[in-house]
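Data first, discussion second: the structure below is written as structure tokens.
Per-chain residue numbering starts at 1, and chain names A, B, C and D are given in the order in which the chains are listed.
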Amino acid sequence: MQGMTIIVKKITQIMAPVIFLFGLYVIVHGHLSPGGGFAGGVILAAAFILQILSFGSILPSLRREEVWLELLESTAVMGFLVISGLGLLLASFRIFFLNFINRGTVGQLLSGGIIPLENIVVGAEVCAAITTIFIALTVYQDEVTQ
Amino acid sequence: MEVYLIIVLVLMILGSLYSLNARDLLSAVVSYGIVGFGLVICFLLLQAPDLAIVQVLVEVITLIIMIAVIKNTTRKELFTGYDAKAFVSAIVAVIFTILFFYVFDKMTGVLTGFGQHLTRMSTAYLEGAGVTGSANLVTGVVFDFRAYDTLGEATVLFTAVVGVLTVLRLKGKKKGK
Amino acid sequence: MIVYILCFLLFLIGLYGVVVKRNLIKIIISLAIMEYSVNLFLIMVGYISAGQAPIINEEVSRTGPFVDPLPQAMILTAIVIGLATTSLLLAIAIRLYGKYGTFDIRKINHLKG
Amino acid sequence: MRYVVLFIIMMLLWLAFTWNLQTPNLIVGGVASLLTAVLFGRSFLRNTVKFFQPQRYFWIIIYLFVFIWECLKANFDVAYRVLNPAMPIKPGIVKVKSTLKTDIGRTFLANSITMTPGTITVDVIEDDFYIHWIYVSSEDPKVYSRKILGRFEKYLKRIFE
């Protein structure tokens, strides 16, 4: 897959970090406003997809990134299990997914106990998954159809 | 309110019909986009902003992936006339339609009208903000009341990624050195 | 009630596509349409007329009841899973195209049995 | 250098998104901006010194007014051509050489040309701009390049170079 013209490349250089930051904002504020791990994770993936589409794909570097993304995804799923397992541990094996952190007041940034943590973990997982799927479908597809 | 929904739904139905009958696969994919973006507007009208955000992004990414898939192919849907299999399929489709209409007719007895609430559990979830400490009640349900569901979702996503890589990767990673 | 019927019609169109169409991409599109209609139906069941989005916010004055958050939470996960499964189907379709050079399932005879 | 500038811009954007100055928000914003800077700093713009030169911001404001004025004029021109029953259009693609040296300046020039009605940038190859024009008023390269680019080029040169 080739890259696009210089206009698209320059605008991508400026806009991709902004999209990424907005995704982080949506994830972190998931328990206060619309959004959350799923929406934010897809926005993060969109920033990476924009970069891949505009700069074109160089197969070796994308393969290396794919390994990192797989690692991130596995770590995220693991983190979700660890958070829930900690709840199980602290509730002396009675409640899975115990909300073991102080919940704070509704409407503050630091509230909701483990909910923001789970938001972050799920966001990382969705981002890694969708970017990996995109890389596989657009890059390997060229190999397959030739 | 309901009128807007009906207009958007009719548009979605027209888009899906065109999408299924188009000869060029590219125009089929583009008019399939009508259905997805119409769904976004429906979600916004039905007061589900979380879903609207997710749906609009997922729709864009689905369209990009689909266009990337059909870009290098022949793209034309060749029409080679009906055969026996198509005949059987049509009969199956009619039977299924009648069956679904029967079920729908039965179901409408249980359904209340549009806008009147049905599920009894929701009051418990609505008071849940005090329990979970999350101002966004949807996030509260996803990550606290029904966290098992989210765990299952993560597993399914992981499995799907592994499946895509398994199907598509031609050369595996080099073993050893 | 007419909204439910239109939603059901959308589902039936998807079903028609899955059963009658002979192109793999068309079949995948039909499956996605069916999925969308089911999502929409569940959200409609959870809607309360003049309801508000289920987000507690001190600045907005509460005039009506909240919409039911349970179906929204269910569909939120279903949408992302839908993207993943659609991609899996597309991956298999690409593989078949690479092997047989066509998306038409009538020509992919070796799949039989 | 690029990383630091990107971090500062992202932090300002974060504050604009959230609009509060409590400590948790600042810490979370700092971490988020740091992550963005680390991941995207490699592909960010070069020559970030230009962000700290205040006269460029002054010229951006001037350029905005110039651009809006040109846009209005072009709007009326195109409206006249469309509404006139004789349809006095003479479309064609012209090749114009720009004197801008930086890529970012060329990008903004191309986008400005596209956003004014009547002209569309078809492609940019090195410093040649291929522009589709609704009324090709002259065949002389000097005249039409002044007509199309001259309006914007001198301001963009002050902003980006």
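One rule holds for everything that comes next: a residue touches a chain if its C-beta (ideal position, glycine included) is under 8 Å from a C-beta of that chain, and two chains touch if they have at least 3 such contacts.
What you see is a predicted model, and the numbers here were worked out from it, not measured in a lab.
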Path length in the contact graph (chain C to chain D, fewest steps): 2
For chain B paired with chain C, centre-to-centre distance based on mean C-alpha positions, whole Å: 2
For chain A paired with chain B, centre-to-centre distance based on mean C-alpha positions, whole Å: 21
Between chain B and chain D, centroid-to-centroid distance (C-alpha), Å: 38
Euclidean distance of C-alpha centroids - chain A vs chain D, Å: 31
Chain D: positions in contact with at least two other chains: none
Residues within chain C bordering two or more other chains: 53, 55-57, 76-77, 79-80, 83-84, 87, 90-91, 94-95, 97
Shared-contact residues (touching 2 or more other chains) in chain B: 49-50, 54, 58, 61, 65, 69, 73, 129, 135-136, 138, 140, 142, 150, 157, 160-161, 164, 168
Every chain pair in contact, whichever chains are involved: A-B, A-C, A-D, B-C
Chain B contact footprint on chain C (complex, rising order): 1-4, 6-17, 19-23, 25-26, 29-30, 32-33, 36, 39-40, 43-49, 51-57, 66-77, 79-88, 90-95, 97, 102-104, 106
In the complex, chain C residues that touch chain A: 53, 55-58, 76-77, 79-80, 83-84, 87, 90-91, 94-95, 97-98
Touching residues on chain D, where the partner in the complex is chain A: 6, 9-10, 13-14, 17-18, 22, 24-25, 28, 32-33, 35-37, 39-40, 43-45, 103-104, 106-107, 110-111, 121, 123-124
Complex contacts: residues of chain A adjacent to chain B: 26, 30-36, 38-39, 42-43, 45-46, 49, 53, 70, 73-74, 76-77, 80-81, 84, 96-97, 99, 103-107, 111-115, 118-119, 122, 125-126, 129-130, 132-134, 136-138, 140-145
Contact footprint of chain A on chain B as seen in their complex: 49-50, 52-54, 57-58, 60-61, 64-65, 68-69, 72-73, 129-130, 132-136, 138-140, 142-144, 147-148, 150-151, 154-155, 157-158, 160-161, 164-165, 168-170
